[in-house]
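What follows is chain A paired twice: with chain B in the first complex and chain C in the second.
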Partner chain A sequence: MAVSSRRLQKELTEIKTAGTPCGITLLKADDFQTWFLSLEVLGESQYKGEVFALMFRFDPQYPISAPAVQFVVDDKYKAPLHPHVYSNGHICASILGGEWSPVLSVIAVCITLQSMLASCKEKKRPPDNDRYVAHAPDNPKKTRFVYHESDSAAAP
Partner chain B sequence: MSNSTTIFEVDNVPDPTDFPSTDVAPGLRELDEALRCSICGELFQAPLTVSCGHCFCSLCIRTQLAVKAECPLCRQSTSEFYLRKAQTVEDAVKAWNIARPYILQLCREEERRKAPVTPPLVDEGIEFRSPKKRKRSSTPDDEVVEIPKPTSSKNAQRSGLSPTPASGSSTPQVVPCPVCQRQVSYSIINQHLDQGCKSTSDFETGSSSSGSKGKQKQDWRKLFSAGEGSTSSGNKGKGKLKTKAKVDDDASPIPKVAYHTLKEKRLREMLADHDLPNNGDKDTLIKRHERWALLYNANLDRTPTDRLTLEDLRRELKKWETERQTKRQAVTDLNAYQKANKAAFNQLVEAARPKKPPTKLPQSDSPMSLNEVEEVPGSSSLTALSSPAPDPTVIVVDEE
Partner chain C sequence: MSEQQWVPTVDDLRVKMCYICREEEHHDQPVEPPVAWVHPCNCTLVAHESCLLSWIQSSQQDASRAPNALKCPQCGTIYELESYNPRTLRFLNKLNSVVSMAGKVVTVAGVSCVIASFGFGVYIILTSYGAYAVQEFLGKEFFDLVLTEDPSNWPWHAFINLPLVPVSLIISRTPLFEGFPLVPLFLAWTTSPPVQTTERLMTARWRRAMTSGADTPWGPLINWPPSPLMVTFLYPFVTKLYRRYFRRFQHWVMGTEPSTGTTVRRYVWALNDDRNLQVQVDVNALPAREEGQQQQGRPQGNEEQQEVDPNGEEQEAELPQDPAAVAERTIRVTSASLGRFVGGALLIPKISNWMGAILFRLSKYSPLLRRFLAIRPPRTGAPEVFGKWFDSQPWSQMSVARQLGVGVHMALSVVGGGTKTFAECDPVWWRNSVGLGIFVLAKDCVNLLHLYLTKREIETRRVKSRSFEGVDIKELDLLNPPQNPAALPLPTVA
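And then the complex of A and B:
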């Protein structure tokens, strides 16, 4: 069994025995390629009462290579209105790209994104949203994002 | 890779949650966790420490350092040069590999023993201890063992897990062993359990301690010699029989290669030197040799007796390559794919055109094309490694 599958199996067992942190629930994990989790920011925040869904896609190099993570955009779910989240669900977050570390896990990513939403002060799209969404590849991992230290979006 | 059914086939990937939670069996999960590589989640295989002191499997950290030269846990910058063998950790893992199934079995037995006790409580309690002792031990901790109430069942399980001789040493009595069900003197039940219930009659009747000590020594010796000879049997079948040729003690690691300076012919020779297939294009050859060097060098980080044979390594390499190839098929079909989907591509081009001047470079599918596009080292090579299939929109722009 491949390393990636074994590692994901372990994460799944962990989720099933220890449970998920508050506001995070496992929606679907039927294989070792695509998982869905729901995300909610609890407490006072810009996103009070909103529920989002995250899609994780794994390749055989996981966890050496980062999973492709994006918000689900369909009839039921929308991408959160956030300066780092494009309307197609793609996320500009350093840990999903160059700052990924193989010791991170699906749950660790969820927690990071949860706190990214929780700390948001102004609900708005990234400044280049329309242009990006028009040409964005299907897989956000093929995008080369430029990360900024500030949380004030990836504005030039 | 795996398909949707795989997840149900593999319910048997060991991990720390195999052990009961901390309130039932304190420290066991943590111990199991501590002996696992945080990259692959397996018990350490040929553990290496990085300069910051964190420990990983040799293959895991070597693969990761080739992508990014920092510790995955604390992000301190480091390199292959600073990797050191963690011999003590390897020994600990080796012992744990042997002890783990045994301790798991003990935990299960304990659970089974506890389960019936809880509902019909009093009867079982009497069998274990004399009335006299029950009266004597009136501390709350001891009480819960005998009269396990639902509210304090956690405590009961904990104190029951390690029946210390201290609590019953003054009155030696015979109890059924929780594992083998044989009648064993309570004062020596621990030794009996430690020896895997193999103790002979003199043990069960609780004879002189000097005799039992001699026996213990013997058993330890047996344990250790077994450990040296055939640890591999406990090692998830990774170890091999002694008869098979292992990699020599004095074998030296494969040095780094500046692949771009080499001709394809030389690459093929290098692969042939290691009895590896040398077909495929240059990129395939490089990837194959890179991976081989990783596998080979990681194998050298194992204790010589635990090393895999070159045959095993070649099999590993082949497995890895097949995995990559299934992913690569998208690339080989590219031309056909392009032709088949030409209409769809053209549509996309039309959709994209009004917003995007045709002078743009192909790479401008990056969202931040206004910004200077920064090459994040590692991430690009990663992308190349993991997803060789180029994004359709890029192809279209290329065609234009």
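And then the complex of A and C:
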């Protein structure tokens, strides 16, 4: 069994025994390639009452290589309106790129994104949303995001 | 903290969990074969050494993650790596980075070589055109004196001046610049001494031995034709005067009033004549004064364009069909007009040469014209060399006042009469300049005639009236209908 599968199996067992944190639910984890989790910001926030879904894609090098994480955009789910989230669901977050570390996990990523949404002051798209979405690759890991304090900019 | 105090290590943990692969190992259930564990930092994270090494290795290969490769994600401690890193390896690493640096240099050098050779090719073309223009405009004799066919004889400034010739010819046709298009031809060459070919140096030496008189290398103070330098200085004034009076003449012919407003000139670049590809540039973007008149009070730039273009640059602007468009002075730069523009500019030396040749022919029948054009037989003997004069004249023995006087005299005569090289040559340039002037005048007159005839054609337009021949007369409501319709001839079927 590949390292990624063993590690994901551990994470899955942990989720099933210890449960997930508030506002995070495991939707689907049938294999060790793609997982879906739902995300909700509890308490007072810009996203009160909104439920989002996250898609995790893992490659065999996980956790050495970061998972590809994006918001699901389909009939049921929309990407949150956030300065670091593009309308195609891609997320500009440093922990998914250069700041990724194997000490993180699926749940840790979910918690980070949850707090990213919770701390949002103004619901708006990244300034370069249209340009980025028009040329964005399917896999957000192929995008080299430039991380800023306030705004985000992507260079596909 | 005493040295005796016991400090636990990774081997003392009851349960170890690798922070990377999340595998656990209980101290009482060691895995077989044994795996090495490390505690690389100051916090509680432990990891399999193999996991940590593969993490470090993969991070170091990723530019965005490399800065954090050796840093604990929790406490930020920098991991310390121990490895067999002999001098040979360090040397090879260094060598590798030097070689890849060299690779970059080669790439950059290659690209710049390509660009440079392209630029050099352009430079060669510009320079050859410049040499051609000098020969056409200043005449073969002068060309052979100061330039010659062999570029190795050329003075250093030729390599700056010659490529500038076509550039300045083209620029001078744009309305943004005004000036004698052949300025680089004149300014440099009028004072230029003849090139010193071996043959000439030998003749000069021979002549110096033969003649003792030290005649000056510059021409007389007053000379006919005027020196090229003088012409260059006077040119802007002459053209300004010419334009002013020609425009008055034009308004008189066309019956229009000169306007005083600044015109807006709009360039529409439509190289493919495709509306989508238009780039509009507004020059003098002031609000346009809307009059239905055409051809009034434009800045001289327009006339300058017409000067050298026998067909007229902007015919659409000359016709008063659409007053607004005319007032806007829309110049559609199509691929055809761009070629005409550049081509017309580059033809100036050839046109001057033709006109000069015509004048030369005509001068055979008129002594007056011959004197005006100052036509001389080709000069004989070797040209004067500045150095010779300075050698033979005891310059250092003169008083300061005399040196000053000679200097001023020298400068004045170069401006007034040109250098001897120029003054003694058959002044081809002079008849070419006069010819170019005549050509410009003729072209302006032809343009004006075209304009005038167009205007008169539009003004005199009438629609010819016909009879009702062939129409059934009963369908017409006539003032005096005929009494007997039957007596009229039957309508013919057309």
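The definition used in the following text is that the second predicted complex is superposed on the first by the 149 of 156 C-alpha atoms of A that agree within 3 Å, B and C clash if a C-alpha of one lies under 4 Å from a C-alpha of the other, contacts with A are read in each partner's own complex, and residues count from 1 in each chain.
The rule is simple: a contact is a pair of C-beta atoms (placed from the backbone, for glycine too) under 8 Å apart; a residue touches a chain by one contact, two chains touch by 3 or more.
Remember, it's a predicted structure, so these values are computed and weren't measured experimentally.
Peer 1: For the three-chain model obtained by superposing on chain A, do chain B and chain C clash or fit?
Peer 2: Here the two partners, once superposed via chain A, clash with each other.
Peer 1: Determine, under the contact definition given at the top, whether A:D128 touches first (chain B), second (chain C), both, or neither.
Peer 2: Once the two structures are laid over each other on A, A:D128 reaches chain B alone.
Peer 1: Regarding the shared-chain residue A:A29, is it in contact with chain B (first), chain C (second), both, or neither?
Peer 2: The answer is first: A:A29 touches chain B but not chain C.
Peer 1: Is the number of chain A residues in contact higher for chain B or for chain C?
Peer 2: B
Peer 1: Taking the superposition as given, does A:K142 touch the first partner, chain B, the second, chain C, both, or neither?
Peer 2: In the superposition, A:K142 contacts chain B only.
Peer 1: Who does A:C120 touch here: chain B (first), chain C (second), both, or neither?
Peer 2: Neither partner.
Peer 1: After lining up the shared chain so the two structures overlap, which partner does A:V69 touch, if you call chain B first and chain C second: first, second, both or neither?
Peer 2: neither
Peer 1: Taking the superposition as given, does A:I111 touch the first partner, chain B, the second, chain C, both, or neither?
Peer 2: In the superposition, A:I111 contacts neither chain B nor chain C.
Peer 1: Check whether A:A53 is in contact with chain B, with chain C, with both or with neither, and answer first, second, both or neither.
Peer 2: neither
Peer 1: Could you tell me if A:G97 is touching chain B, chain C, both of them or neither one (first, second, both, neither)?
Peer 2: In the superposition, A:G97 contacts both chain B and chain C.
Peer 1: Once the shared chain is lined up, is A:S5 touching chain B (first), chain C (second), both, or neither of them?
Peer 2: It touches chain B, and chain C stays clear.
Peer 1: Which segment, 3-11, 75-83 or 363-371, is the chain B region that clashes with chain C in the superposed model?
Peer 2: Superposition on chain A puts chain C right on top of 75-83.
Peer 1: Which parts of chain A are in contact with chain B and also with chain C?
Peer 2: 3, 6-7, 10-11, 61, 63-65, 97-98, 100-103, 144
Peer 1: Can you check the complex and tell me which residues of chain A touch chain C?
Peer 2: 3, 6-7, 10-11, 61, 63-65, 97-104, 144
Peer 1: How about chain C: which of its residues touch chain A in the complex?
Peer 2: 19-23, 45, 51, 54-55, 58, 62, 64-65, 67-68, 73-74
Peer 1: Considering only the defined contacts, which chain A positions touch chain B in the complex?
Peer 2: Spelled out, the residues of chain A in touch with chain B are 1-7, 9-14, 17-18, 29-33, 59-61, 63-66, 86, 90, 92, 97-98, 100-103, 126, 128, 130-132, 134-139, 141-146, 154, 156.
Peer 1: Can you list the residues on chain B that touch chain A in the complex?
Peer 2: That would be residues 1-4, 6-7, 10, 13, 15, 17, 38-42, 60, 63-64, 67, 72-73, 75, 323-324, 327, 351-352, 355-356, 363-380, 382-383, 385-387, 391-394 of chain B.
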